[in-house]
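All chains are identified by letter, namely A, B, C, D, E and F, in their written order; residue positions are counted from 1 within each chain.
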Amino acid sequence: MATVTLISDEEATPEVRAVFDDIRTTRGGDFINNFWRALAHDPALLKATWERLKLVMGSGEIDPLTKEMIYIAVSVANACEYCAHSHTAAAKAKGMTEAQHGELLSVIGMASQTNALATALQVTVDDMFKA
Amino acid sequence: MATVTLISDEEATPEVRAVFDDIRTTRGGDFINNFWRALAHDPALLKATWERLKLVMGSGEIDPLTKEMIYIAVSVANACEYCAHSHTAAAKAKGMTEAQHGELLSVIGMASQTNALATALQVTVDDMFKA
Amino acid sequence: MATVTLISDEEATPEVRAVFDDIRTTRGGDFINNFWRALAHDPALLKATWERLKLVMGSGEIDPLTKEMIYIAVSVANACEYCAHSHTAAAKAKGMTEAQHGELLSVIGMASQTNALATALQVTVDDMFKA
Amino acid sequence: MATVTLISDEEATPEVRAVFDDIRTTRGGDFINNFWRALAHDPALLKATWERLKLVMGSGEIDPLTKEMIYIAVSVANACEYCAHSHTAAAKAKGMTEAQHGELLSVIGMASQTNALATALQVTVDDMFKA
Amino acid sequence: MATVTLISDEEATPEVRAVFDDIRTTRGGDFINNFWRALAHDPALLKATWERLKLVMGSGEIDPLTKEMIYIAVSVANACEYCAHSHTAAAKAKGMTEAQHGELLSVIGMASQTNALATALQVTVDDMFKA
Amino acid sequence: MATVTLISDEEATPEVRAVFDDIRTTRGGDFINNFWRALAHDPALLKATWERLKLVMGSGEIDPLTKEMIYIAVSVANACEYCAHSHTAAAKAKGMTEAQHGELLSVIGMASQTNALATALQVTVDDMFKA
C-alpha cells in the first residue's frame, strides 16, 4: 500500500546492504522494518537518516526510553500512523509499562487540548517566559 | 494581542478567584500567567482545564521534568507559540539542563523528519508492531 | 511583517479594485483587512479566493454564525494566528456570545484531546461507522 | 491494528465497567465503540475523558449537532482517521443532512485554503481584530 | 471505508456527469479516481473543486511536474494518506524520476526538521526577511 | 522573543565558529540569520543541521529554486512563521518572480483544500495509485 515498493535483501545495493547490516548489528536481531525497506530506494537518504537516528536515539543526557516517549508524542501530533505503531512498539521493547503508557497518553492529550486553547485565545507570551 | 482580554485579579469572579488561588498555592508563587487570565472568561473551562492539568502533570510513573519535555514536543508539533515558550520555561524551572534541551530538540527534529518520510512513503505497518 | 507588502487602494490594479469594491459592498463598510491587501499581489488568486469565500460563507443549510465557528475550529487546528483573530472577530460581529465562545473553545479543546488519543492508540474504525 | 488491544466487557475492571455502563445509558444503546475499548487500558484516563466529553458535547449554548460539526472540523484538520469516521457517523445520527454535510465540507475546505494563504503571506493582524 | 459512498457513473446526476466527462477529456482516459466519486455527493462542491484544480495545476509560470511535487509536499505535511498516494502517482505519470523522488523526500524531511527546530526555538524573524 | 538567547560571534565556541564560517563561505556573505544563532546552543545539532541542509538544498536532480518552493510549501503546512519568512526570502533571492510566487500560493492553497476534503471523506486509495 506504500507509494514505493519495499526493497528486499536480494534487491539491496551494496550501500543499502551495509545500512541493513548496521541496523541488524545495532539492534541485535535480523528484522528490518518496512520503513527502511521503503527508504532504500534512495540509498543516500537511507544512510543519512539511519546514521542520524542511531546517534540521536542513543544514550545521552536523556535516557533511551524517554526519547522514545518524546518520539511518540511528536508522531501523534503529526498524525503519523506508521510512526505511532513503530515507536510504541519500540517504547514497549525498551521497558515502557502500561502505567507509563497511560500517563504518556494523558500528557499528550492534555498538551493537545491546551495547545488548541492557547492558539484559539492567541495568548500573548508573558515576558517572564522569554529567554 | 489576544482574541479576548485578560482577566485581572480585580475582575475575577469568585469561581475564577478560587482557581487563581489554587494555581498560586500549587506553584508556590504569586504569578498567574496569561493563559489562565485569558481562559478565565469561561470559569467552568478554566477550572476543568487547571484541575486536569494539575493532576496529569504531577508526580506519577513518569517524572515531572520528563512530562514537561513531552509537553514541549507536542506543542512544537502543533506549532503553538505560547506553549513552546511557557513549557520551555517550565522545563527549565524543573531542572532541564542546556544539554538535555539540545537532545530534546534533536529528538523532536528527528521525529519530525521521519514522520514526514513515513507519511510520504505511506509505509505499511509491520505485523510485528501491531498489538 | 508579512512576506509581501500590502497593496493600498492607490496601488490596486482595476481587477484588484473591483474585488475591493465588492468586499466593501458585501460587508457594508469601507474596511479592507490585511489578508486581502496581501493577496492582491496576485489579482486572479485574490478574485478566486474572495468569490469562493463569499459563496461558501453565505446563507445556506448552515447559518453564517455556525460557519464562522467551524472556520475558527479549522483555523485553530491549523495554528493560523491571523485566521484565529479575524474569524473570532467575525463571529463576534455575527452575534457569538461569550457563553457560545466558551463552549466553542471547550469543543475544540475536547476534540484536540481525543484526536490525539485516537491517533496514539491507532484505533481501528468500527464497521458501524463506515458509509 | 491498534497499538493496544481492545478491552472486552469480560476483561473490563469494575471502574471500566462503570464507564461502559454510563456510555450505554447515556446513548441509549448497547454498542461501545473501539475508542473506549482501547482507552480502557487506563481506567482513570477513560473515566476522565468520557465524563468531560459527555459534559462538553451535551446541550448548552451551542446545539449538539453544531458541536458535532465543529468536532468534525477539528478532526479533519488534525488528520484523525478514526475521529473523522466516528464523528461523521455521530453527526448523521443527530440529523445532519447531506446538504449540511456538503456545506460543512465546503467551509472546512475554504478555511484550510485561506489558513494556508494567510500563513504563507504571514499577514499582520489588523488592529481592529484584537480584543 | 469512506465516510460517504462512492457515486458510480450510473448514479451521477447530469451536473456530476458533466464534471466526470470533463475529467475524462482533460486527462485523456476513462478512469475517475475515488476522490471525485466521493465528492460527487455535493455536485456544486465537486464542480468548484475540479474547475479550480484544473486551472491551478495547468501550465503556467511553474511547470506541471513541479506543481505536483509541491502538492506532495503539502499533502505529506498535512498527513493526507489519499493525497500522498494520488499525487505521487500523478507526479510519476508526469515524469518524476526515482532520483527526483528521493530528492523531493530529502527536502520534505529537511524542512520538517528545521520547521520543528525553528518553532521549538521560537526564533525571531530577522529584519532582512521582512517584505 | 526566542526560547533561547542568540549566540553572537563573540560568544561562539570554536566548533560553532567553524559552522558560521562555512555558512558565510557557502552563501558568499557575512550575514548569519537568527535560526543558526539560536541553534548554536547545541554545537553538534547546529553542525549536523547545517551540513545536511547544505547537501540537501544544493544542486541535484531538482533545481535549487524549486527546492526552496517545496520548502515553503512544507513550512506553510507546518505553520512555521520563521520558516515562511526565511524561505520566501531565500526563494526571492534565487529568482522566484512575483508570478511564480502567486502560482506557488495557488498550489499550496489548492492542496490544503483537497487534503482537507480527502481526509473528511476518508477516501479509499484507488488500487491504481499503489506502488
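Convention: a contact is a pair of C-beta atoms (placed from the backbone, for glycine too) under 8 Å apart; a residue touches a chain by one contact, two chains touch by 3 or more.
Labels paired with UniProt names: A, B, C, D, E, F = Carboxymuconolactone decarboxylase family protein.
If you're wondering where the values come from, they're calculated on a predicted model, not measured in any experiment.
Visitor: Starting at subunit A, find the fewest moves between touching chains needed to arrive at subunit D.
Guide: Between subunit A and subunit D, the shortest chain-hopping route counts 1.
Visitor: Tell me, please, which chain's centre (mean of its C-alpha atoms) is farthest from the centre of subunit C?
Guide: Using the mean of the C-alpha atoms as each chain's centre, the farthest one from subunit C is A.
Visitor: From the centre of subunit F, which other chain's Cα mean sits the farthest off?
Guide: Chain D.
Visitor: Among the chain pairs D-E, A-B or E-F, which one reproduces the interface of A-D, with more than half of its contact pairs identical by residue number?
Guide: Matching more than half of the contact pairs of A-D: D-E.
Visitor: Taking all residue numbers used at the subunit A/subunit F interface, answer same if over half belong to both copies and different if under half do.
Guide: Both copies, subunit A as well as subunit F, present the same residues to each other, with over half of the numbers appearing on both sides.
Visitor: Between subunit A and subunit B, how many degrees of rotation does a Cα superposition need? Round to steps of 5.
Guide: Angle of rotation between the two copies: 180 degrees.
Visitor: How many Å are there between the centre of subunit B and the centre of subunit E, using C-alpha atoms for each centre?
Guide: Their C-alpha centroids are separated by 34 Å.
Visitor: Subunit B to subunit D: how many Å between their CA centres?
Guide: Computed value for the inter-centroid distance: 21 Å.
Visitor: Between subunit B and subunit F, what's the gap in Å when you average each chain's C-alpha atoms?
Guide: Using C-alpha averages as centres, the distance is 26 Å.
Visitor: Listing for subunit B: what residues touch at least two other chains?
Guide: As it turns out, subunit B has residues touching two or more other chains at 1-4, 45, 49, 52, 74, 76-81, 84-85, 88-89, 99, 102, 105-106, 108-117, 119-122, 125, 129-130.
Visitor: Looking at which chains touch which, would you call it a line, ring, star, complete or other?
Guide: complete
Visitor: Residues of subunit C touching subunit B in their complex?
Guide: Those residues of subunit C that touch subunit B are 79, 81, 84-85, 88-89, 98-99, 101-102, 105-106, 109, 116.
Visitor: Which stretch or stretches of subunit A touch subunit F in the complex?
Guide: Subunit A reaches subunit F through residues 1-5, 48, 52, 125, 130-131.
Visitor: So in the complex, the part of subunit C that touches subunit D is made up of which residues?
Guide: Result: residues 1-4, 31, 33-35, 38-39, 45, 49, 52-53, 56-57, 60-62, 66-67, 69-71, 73-78, 80-83, 85-89, 97, 99-100, 102-104, 106-108, 110-126, 128-130 of subunit C touch subunit D.
Visitor: What part of subunit B is in contact with subunit E in the complex they form?
Guide: So the residues of subunit B touching subunit E come out as 72, 76-77, 79, 81, 84-85, 88, 105, 108-117, 119-122.
Visitor: Along subunit D, where are the residues that touch subunit A in the complex?
Guide: Residue list for subunit D touching subunit A: 3-4, 41-42, 44-45, 49, 74, 78-81.
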